[in-house]
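So that we are looking at the same thing, I have put the structure below in structure tokens.
Labels run A, B, C and D following the written order; every chain starts at residue 1.
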Amino acid sequence: MTASPPAATVKDNREKLLERAMSRYQYSGDALIEVLHTAQELYGFLPPALLKTIAHKLRLPASRVLGVASFYHFFSLQPKAAHTFVVCLGTACYVAGALGLVEALDRSGAKPGSSGAKNDVSVQTARCIGACGLAPALIYDGVVHARATPQLIKAELERIGVK
Amino acid sequence: MSVKTLEIDGRMLTGRTGETVFAVAWDHGIQIPRLCHVGGLSDVGACRLCLVEIEGRKRLQASCLTLIEEGMVVKTATPKLKSHRKLIVELLLAERNHVCSVCVMNGECELQDLAASHGVDHVRLRYQFPSLPVDTSHERFGIDHNRCILCTRCVRVCDEVEGAHTWDVCGRGTASHIISDLGEPWGESDTCTSCGKCVQVCPTGALFSKGKTVAEMRKDRGFLKYIVTAREKKQWIG
Amino acid sequence: MGERIVIHPVTRIEGHAKISINVDDAGEVSSAQFHVTEFRGFEKLCEGRPFYEMPGLMSRVCGICPVSHVLASSKAGDRLLGVEVPSAAVKQRRLVNYAQLLQSHALSFFHLSAPDLLLGMDSAPEKRNIFGVLERDPDFARRGIRLRQFGQRIIELAGGKRIHPAWGVPGGVLHSIGAAGRDEILTWIPEALESMDVAISRLKPLLDSLPQEIENMGNFPTLFLATVTPEGDLEYYDGVIRIVDAEGNTVADGLDPMRYATFLGEASEEWSYVKFPYYKPLGYPGGKYRVGPLARLNVARSAGTPRADREMREFKQRSQGAVCQSFHYHLARLIEMLHSIERIQELMEDPEILSEHIRAKAMLNRLEGIGSCEAPRGTLFHHYHVDSDGLMKKANLLIATAQNNLAMNMAVEQTARRFVTPRSIEEGMLNRVEAAIRCFDPCLSCSTHAIGQMPLIIELRNHAGDLLHRLERS
Amino acid sequence: MTFEELCGKQTEEVERQQALKNRIMCCTAAGCLSCGADGLRQAISAEIAAQGRQADVELCGSGCMGMCSRGPLVLSAACNRLYGNVAPADAAALVSADPAATETLADRAIDLDSPFFSKQTRIVLANSGHVDPEKLADYIAAGGYQSLGKALTAMSPRDVVEEVKKSGLRGRGGAGYPTGLKWELVMKQIPQVKYVVCNADEGDPGAFMDRSVLEGDPHRVLEGMAIAGFAVGAQQGFIYVRGEYGLAIQRLQTAIKQAEREHLLGARILDSGFQFRIDLRVGAGAFVCGEETALIASIEGKRGEPRQRPPYPPESGLWGAPTLINNVETFANIPPIVQNGGDWFASVGTASSKGTKVFALAGKIVNTGLIEVPMGTTLRTILFDIGGGIPEGKFKAAQTGGPSGGCIPEQFLDTPVDYESLVTIGSIMGSGGLIVMDDKSCMVDVARFFMEFCMDESCGKCIPCRAGTVQMHDILHRMTRGDATEDDIEMLETLSGLLRETSLCGLGQTAPNPVMSTLKYFRDEYEAHIRERRCPAGLCQMESQLEEAMA
């Protein structure tokens, strides 16, 4: 008997979960967006190999899978950074000065749509997160901050060591 | 098959039920401009050049997607339509880097022809000058994204006629671009059959045969109708 | 107090530039510079484009000598393909190159320089142009115009259009001149030869009347560089590079144009957009050299055609060793035109000119290619690097006007010192400064890849840099 | 469960609730959550345990209570008081409900008789703040699923459609197409397979009505859809909900499971022969998917690109089948219409616009939050009575309809808010975002902001929208930088005409609206940017000023 289990048994659990999601939709191509949602939940982002697997399993052309994945802003084809700032740029937040928040992040080298200097901060802008009553709103690592200020951003960035 | 009578640009014309306004007009020599339509492929109504005015309809209609109806009254070349078409051509010219003088399709390009026929002697809009690549990794063909107008003829011919679906549109809005497979270089595509149909249907010099130089490219679209008809009628059997 | 004269724009040259003349405290010309103030960046522009596009793209560098760029570019493309170009295609290319030389030289001599020569350096500026010449000597002017037309007609017949033909392609040419084209060209020959006789016999006595100008407008020793046949005869399309010095001694011979970078260096100065190439073994700026008609006649042993050889032998008598007076570029230009017409006749009588085997096809076989040929103004090099998909990574263009840059600067300074008296500036003085430049027939659109027409400005400045006088013509 | 059992369940739950000493409703809508409602809820829950009051004090979450600007909000049923800005430290006082203890909260009590509440009429939001969205029993106690029961037991599909037609309800998603007519169209289609789709892809920046309804009263939407399914003959429904609405998705999932368990959805609903399933489809961040043909493409797993209409979805929608598409608020109006009759609904509102409309108030206004008013209420009432006016500065414009709408200037404050009136003054009803701007807002910049939105959200299929929005944004951007000429205004108008008339879908057709309406009412601001290189609101940084600052 060997001490270590055969490679197949330590197979990534995520693969199984993705498989289950696809079979729930009977591997139908119509379920592509749902499957991509699941894949992104499991893997954090959608690398080409993953898209290829999905294309094969759903029997869809690879270009169509990428075409769909790239159409929707929710899907990320790049790995996510450790920390994410989402600045709401909905009308209410815009009127309330959300651009100041983007500028504050910008000053720290973290530009919208890109990862920051240390590649651990990503900055995104959102088209209204629906917290208009609390404008300007900022989602920092999944937590909504109402009436965010550049000072708040500065403090958070300092806390995680981004200058 | 029933026949319908309609009026296009003051002429009484007839067409078969199920035919589009665009098809009936062209059959009778009324050449409505178009970029995304090509005979033999499905229509998407994206270029908006074939828009026509139809009496009783509030909005302009894409003639390539509008089926003829009995008694329809259609106008295809009103001053309003012409001015819209001209501006659409200008939008396209300003959107990417269309440099006719060094283009393989110079003199044969559908976009260039439209610009000429619509009197686009200068572009009133700001050129956007995007920085776009050329992919010549394929053994026989190349794609120059600078000349692409996103008409998706290549996507459709590859999907509908060749059946490979190598091409699709990636991204959205102004960032849209044509991709092969998962965005790899064309030469690395494992679905492309190198049939060259996409190259032939491309209205501009975006898709070209390698080795062709300035103004040397001639595209043949006759094959499409032939293949499609042959397939529909199963002409190869018997 | 030092002063500076600036001639800006310099007129009757191709492109636009500025001359500044600096005046010292004693009121004498201390130095002069020829600035090229425009920038075009063709080399940058072609990055990322397929190399097949280069002949078409490069023909846009210049409206005067597009053919030269098409040829050098096609030849660089030949190298990238690694093919042997069919001999009929070579003949087509040669034909068009001669035609190009003919029309460009005709423009330079009859349209741009003849006004100075026929009407005089000090004649009224508003008359000093081709229309003035037409008035003074209608037959002469018309012959010039016809000669240029002849050259352009050949280009049109062979290349499909008069300017920016994109008929040259890597591996050969797109189409041949055809029988009808050949027949038409042959009908032009007698008149063209006759016109050359008229022009040459008209110029020679004029030269005798301008000893001051000849001796003081760009007369100095430099090296001369040109392409010759392996035997050492005049050659414009394909050959080896030979360099001679002012005494007429061969400094280097049999140099491979493909290896130009081993013997030519490129310096730059912040006051001009044109590069300053030099002959490497002698360093910068000691390795200054001249290219173009004068250099070619100095470098070549003989022309290889009877009429041109006759003129060339006489030309070589004008000086011991090499002819160093830049003013003789004019005569050299006429001799080259004569030679070109003779060669065109030869090609037209060669049955192979009608062959349709004019293009070699291949895939990309090399990642680096150099093409060179003799353009009207001198030796032209196109040097391309491509990636494995054939997309341009880098282009280096070494252009005749740039190679003459050092010499042109010297000529400007020499002319200014001799003819410009800063205390009482006269138009004719400044015209001579410009005329010195025109000897070289610089094509600034090529050398800097400029956009549009911006004639030259002359500025007179003191040594503090204050502007004293400014002359601007358009 | 049969209809009788449902009624029994309702009585039972109502009695149970009445027996309680106190019900504490803690707002758990996104707004309050982002100002600490979760921590507050835990504190109250711990306090109930600490005081040993589990038996007679119940803590519930609730949907949006409206006054988002004062969150977190807590409603104490015992004293019928609504408190704002509540902190975990207040838990003890809330649980005890002792008048003395609640004294500390008195200054934070919100006057329920204030115009903010008194001028509202709540139909869609009737349950918001009173029903725990995560408890089916709560919804049933409030009369939930009674309408579905009524439809299934006492009405024919045609009766239901007639009732909806009679109500005069119009689509609340923007265009205002009569809902009853749309239902009738789908009902009349011959094919057996039909679909009902709820458009919950609320994408207008500044609009959060649908999210609040989904989060606060998800069963209401499910019930509305089921009634629609019964009426038009569909057995399958989809809710296409924005991916950004995590909480709404979660509550919908919970609600669907609860309803299926009780046979309020799924097979044999309320023991009748009617079956209706609802599946969620989660959007992935594309505004254009709010357009019905794009939404269909997206549900089918494709790029959300619109296609030419006709054919309209009632004829050929999802997978080519007849498809009824209504938005969240429209479906939420259905149960009360079925319950109370079309005539009752038609008695609210104006001649052509019936019922109420939910608005999301945001921007430079005191009471930001969610409100519901009868159609025909004037903007002045909405903004100054309910909204409490402008905090500082002067009113300049109200923006309705999001990127497809327009800016309404002061002179139209007394215009009644209904579909037709808004169109007359250059805006649209839209989905209900209402953003207030004061004199510090630059109208050119607002136009630029919306154009940027449309440019980013354009799907790229048709040229006028794809390239036209880029050019219009380019011009507007240059205007805000002081780098534009008079010709640019003309080109802006020309492009507006092109987009409006030639774009493939509503996004492109309406993209010029904010530009057109600001050009109409605030042309002087445009001219100041161009002629004087000056921003009257002092917002835009002009290139020349930037250069000066650099030097």
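Operating definition for what follows: a contact is a pair of C-beta atoms (placed from the backbone, for glycine too) under 8 Å apart; a residue touches a chain by one contact, two chains touch by 3 or more.
For clarity, every value in this text was computed on a predicted model and none was experimentally measured.
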Chain ID, smallest distance between chain and overall C-alpha centroids: B
Geometric centre distance via CA averages, chain B-chain A, whole Å: 36
Centroid distance [mean C-alpha coordinates] between chain D and chain C, Å: 73
Where chain A and chain D are represented by their mean Cα positions, the distance between them in whole Å: 25
Euclidean distance of C-alpha centroids - chain A vs chain C, Å: 60
Junction residues of chain D, two or more chains touched: 286, 303, 456-457, 459
Residues within chain C bordering two or more other chains: none
Shared-contact residues (touching 2 or more other chains) in chain A: 67, 71
Interchain contacts (touch definition) - all pairs: A-B, A-D, B-C, B-D
List of chain D residues in touch with chain A within their complex: 30-31, 33-35, 68-69, 71, 202-208, 211, 243-245, 281-287, 298-305, 319, 360-364, 368-370, 399, 402, 433, 435, 437, 441, 446, 449-450, 453, 456-457, 459
Complex contact set, residues of chain B against chain A: 159, 164-172, 179-183, 191
Residues of chain A that touch chain D when the two form their complex: 28-34, 36-37, 67-68, 71-75, 89-92, 94-96, 126-135, 137, 143-146
Residue ranges of chain B in contact with chain D within the complex: 44-48, 51, 59-62, 65, 80, 84, 87-88, 91-92, 94-95, 124-126, 128, 149-150, 169, 171-176
Residues of chain B touching chain C in the complex: 101-102, 104, 133-137, 139, 142, 144, 185, 187, 210-216
